[in-house]
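My structure is below; once you've seen it, I'll send some questions.
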Amino acid sequence: MKDKIAEKLLLFIAFSAIGSLLLITFFIFQQGIPLIFKIGLSNFFSMHWSPTRGQFGILSMIIGSLMVTVGALIVGIPFGLACAIYLAEFSSKMVQKTLKPIIELLAGIPSVVYGFIGIVILVPFIRTHFGGPGFSVLASSIILGIMILPTIVSISYDSLVAVPNTYREGSYALGATKWQTVVKLLIPAARSGIVAGIILGMGRAIGETMAVIMVAGNALKIPHSILDSVRTLTSTIALELGYATGDHRAALFACGAFLFIIITILNIIAIRVTGHRE
Amino acid sequence: MTFRIGPRTSQIIAYIILLLMTIITIIVLFFIIGYVFKNGFAQLSLEFLTDRTREMGKEGGILPSIIGTLFVTVLAVIIATPLGVGSAVYLVEYTRGGLLRRIISFGADCLAGVPSIIFGLFGFIFFVIQLKLGWSILSGSLTLAVMIIPTIIRTSEEAIKAVPLSYREISYSLGGGKLDTIWKVVLPTSLPGILTGVILGIGRAIGETAAVIFTAGSSLGMPTSVFSSTRTLAVHFYILAREGISMEKAYGTATVLIIIILFVNFVAYRLMHRFMERYY
Amino acid sequence: MRYLAIVCMLLLTTCSQRKGGIIIAGSTSVQPFIERVAERFTEENPGIQVNVQGGGSTAGIQATFNNICHIGVSSRNLKGSEKALHEFLIAVDGIAIIVHKDNPIDDLTIEQIQGIFAGTHKDWSELGGESGEIIPVTREEGSGTRGAFEDMVMGDQIISDACLVQDSNGAVREIIATTPQGIGYISVGLVDEREKALAIDGVKPTLANLLSSQYGFTRPFLLLLLEEPSGKVKKFIEFALSKKGQDILKSDGLISVTEIGK
Amino acid sequence: MNRQKMMKISVEQLNLFYGQNQVLKNVSLEVYEKEILGVIGPANAGKSSLLRALNRLYEIDYARISGKIRLDGEDIFDIPINDLRRRVGLIFATPVVLPGTIFKNMSYGLKLHRKIKKQELNDIVADALKAANLWEEVKDRLYESASTLSGGQQQRLCIARTLAMNPEVIMMDEPCSGLDPISTAKIEATMLELKKTYTFILVTNNTKQAARTADRTAFFLAGELIEINKTEKIFTKPDDPRTDDYIRGRFG
């Protein structure tokens, strides 16, 4: 009897939790999609964003998000991977034991702190040494790149460590150096974990909002160089949500829905790659 | 002209490059915290921590924000934990790993990666406007709860799945019912994993800006009820820094924020270690 | 079970307190000023907590209609159906065009400003300044300040996509204060010593010029109500319009309503 | 002995399926009170499945069953499941101690069934540990983690944990498979002592163990009960040649 009630209660809990997640998904799409049909795809994927004048083109923001994300990966992948490889293969147990948890702790630092460092150090530095406003693709990429480092390091490290030791021993037995073993054997063997880490980092970079608003400058024009200001999908939502009504608000939801789809695709790829779910 | 680089040489070069990049990575990450702390510690005083915020944050302390953060986070966790853990229990113990469970796990996986601004967008229109909860601690907590539920479901599910089947068999063969088994064997055993998920969620909630600024609002008043609007530490810091209201106060606030988050994560880490040592 | 109990208790013990405070929401431009008024008001009426939200003029108007806040604030005039709300003018604000304090330029014509924000003027040397790329900073789409700027300054010109976009007066000011080639627009009352307010067509945005309407780039700060004011809300509005309230606003660089008639 | 012994458990035409896979085929047998029934047979003979059927533990594996099982003449499906499992205890091949102290392991099952006073609980725990020959070794460390015990001690803790429930039948699923000869001897001694009070079903891979301890022995092969008889008979002149082959080590 008690068991029956408990099962029903748990079922109810599961449904309300999952219901709330469904609600969010449904809500975002329900608010955003009608506008896309109303204005047409060609308007939605055009260059001009000026919702108060009826122009809802999000293409420049898509490009902006893309540039910033690619930039972040260019910064984050080499350093993240190098750090993971060094920690997993070249450092002593002691170093591993201290640095790994510290890097994981750093993953918890709020993104606004990264954005703040961007404002006070990086933006003035870029402005005085490279020119332009300083608020730029470059600044955003570096800040996001640093932000996703802990994610990439942590997951890549785990998957490198998970490669069985027999692989390494076999490779050394054939006379390979440590570095050759890493390049020829360990990285391919740990590939799926590394790729998953990168994709998760990528998702974080695309989705980041506040840090990007702080350092990107948010100009709508498509940047011609990495020193130009840039606007991403997320920053558009955050910048304009407070003022938006009617179609303008619906357009922000449409941005959200679009973002949602992109992130979901990335997640699906990440899940597929790792074969994480049975 | 071509050089042939032997395997030894390339090993040494690679080692040096890796070491350098690792050092740079570590330095950069430490620099960020160090820089904030260096400028922020001077701001920390009893007055800063216990005074009201005045002049939009130019003067006074950050007590309302500390309390607001506490309120929002605790309420979010109170809402999200039973829902998340309950769902995970249901998924693992009652669904026999069928299609339903796969779909739900997949959904939770996906939603765990959805950017927080989307939750902010949802929370603002749904809780604040449609449910007329206004900018309030309640709206903020509900939004954050929805945001951290997927994380809690996923980590709890993994932790519960990791409990050996034999523990359940023992419990059943000693005459325990399903509920007894879940409550007295499965949950206590998977507690460290569940706790990790919850604490990750707490960390995310404390540091969150985008989802909170549109739902809990940005009022500087002292929160008196769950219907009060509040400005969490992260939001306060964001506004101070971005609008250049007071860089000194911004550093101080960031320092407090980082200390709290590092502390929460550290406690989680210790707690897990203690637990593991005792039981495994 | 315990969870439910805690949640219920929180809700119950606090429900009643909702009546104790006043929630004000809307224009981020008005927020800093109304915050100061609210601070004084609470000092004099310790029982009444005042919560001041940002969000934006339009959000404030919406919130007032939806009864999410007691008082909405707008930094632009009401349009169309919005006029159903009760409005109280508490002050008038000038919009200043600001540049970095080291910028040698003191004066621009309205055409030059239009040119800068429309993207036709790209270098300070075109305007008689030191050579260097102009970095214009504007407010986000939908902002009351941007709306006012477009109406009063831009006319039929459209603000270029190349402008940086920030979502508050403070954020614009912060960029101008730290960027030597920047130019932007914010409330006159918020200009501080790190940046410089330009004269437009030779008229500086001084208090005297604002009062005499010589400097024409002004907009109203409105308090909005769904119903006739009563109780604590009435008390607050009366306070804002009293000499004490108006003095606070005046000392912050706004034009008090008592002076407008003159 | 000439009179019919009291029948404890009777199994009639028992079939057990895991999905499409039938692991028990038409098994009928009886278990008498206060005997040790040995169950032998090669891997996948259905020995463990028989035990899981008797206390309805197969249900958590989502297996299906047909046939009749009676405990003291009462259909086990009419007995509340928690009661059944308390009365018919099961001890697994690998000792599984629950996370927590020795005392917590011992009291876990007891606390599930009724409110119990601290003093009474202490007594029951002490008695059960004594009965399982473990008391002397653990009496000073009841509040230490159970996982600090050795394998043999853990297995005896599992037995004690079951004894504390005051069961009627104790089923053991290869209880000594992971243990050294000395621990095995201790457990066998315990079992022979407890036979005075309890009924045992002992599943074992070790035919010699069955020969040493069991009163009667059943031989299973591929889900079928080939033969059940007095232990001496099974081990000296079995009726079925397959039993003989198995005992002589020709297969399995």
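Per-chain numbering from 1; labels A, B, C and D assigned in written order.
What we mean here is this: a residue touches a chain if its C-beta (ideal position, glycine included) is under 8 Å from a C-beta of that chain, and two chains touch if they have at least 3 such contacts.
Given the structure is predicted, the values throughout are model-derived calculations rather than measurements.
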If every step must land on a chain the current one touches, say how few steps get you from chain A to chain B. 1
Chain whose average C-alpha position is farthest from chain B's own: D
Nearest-to-centre chain - CA centroid comparison: B
Gap in Å, rounded to a whole number, between the CA centres of chain C and chain B: 34
Hey, how far is the Cα centre of chain A from the one of chain D, in Å? 55
Roughly how far is chain C from chain D, centre to centre by C-alpha average, rounded to an integer in Å? 81
Which parts of chain D, given as residue numbers and ranges, touch two or more other chains? none
In chain A, residues with contacts to at least two other chains: 213, 238, 242
Where does chain C touch two or more other chains at once, residue-wise? 54-55, 62, 178
Treating touching as the only link between chains, describe the layout with one word: line, ring, star, complete or other. other
Per the touch rule above, enumerate the chain pairs that touch, sorted by label. A-B, A-C, B-C, B-D
Interface residues, chain C side, partner chain B - complex: 3, 6-7, 10-11, 13-15, 17-18, 20-21, 23, 25, 31-32, 35-36, 39, 42, 49-55, 62-63, 66-69, 168-171, 173-174, 177-178
Which positions of chain D touch chain B when the two form their complex? 55, 57, 60, 62, 81-86, 89-90, 92, 94, 96, 98-100, 108-109, 112-113, 145, 147, 158, 161-162, 165
Where on chain B is chain A touching in the complex? 7-8, 10-11, 14-15, 17-19, 21-22, 24-26, 28-29, 32-33, 35-36, 82-84, 86-87, 89-91, 93-94, 97, 102, 104-111, 113-122, 124-126, 146, 149-150, 153, 177-179, 182, 203-204, 206-210, 213-214, 234, 237-238, 241-242, 247, 250, 254, 257-258, 261-262, 264-266, 269
Given the complex with chain B, which residues does chain A contribute to the contact? 2-3, 6-7, 9-11, 13-14, 16-18, 20-25, 27-28, 31, 78-80, 82-83, 85-87, 90, 99, 101, 103-106, 108-117, 119-121, 146, 149-150, 153, 176-180, 182, 200, 203, 206-210, 213-214, 234, 237-238, 241-242, 249, 252-253, 256, 259-260, 263-264, 266-268, 270-271, 276-278
Of all residues in chain A, those that touch chain C in their complex: 48-52, 60, 123-124, 127, 131-135, 213, 217-221, 229, 231, 238-240, 242-245, 248
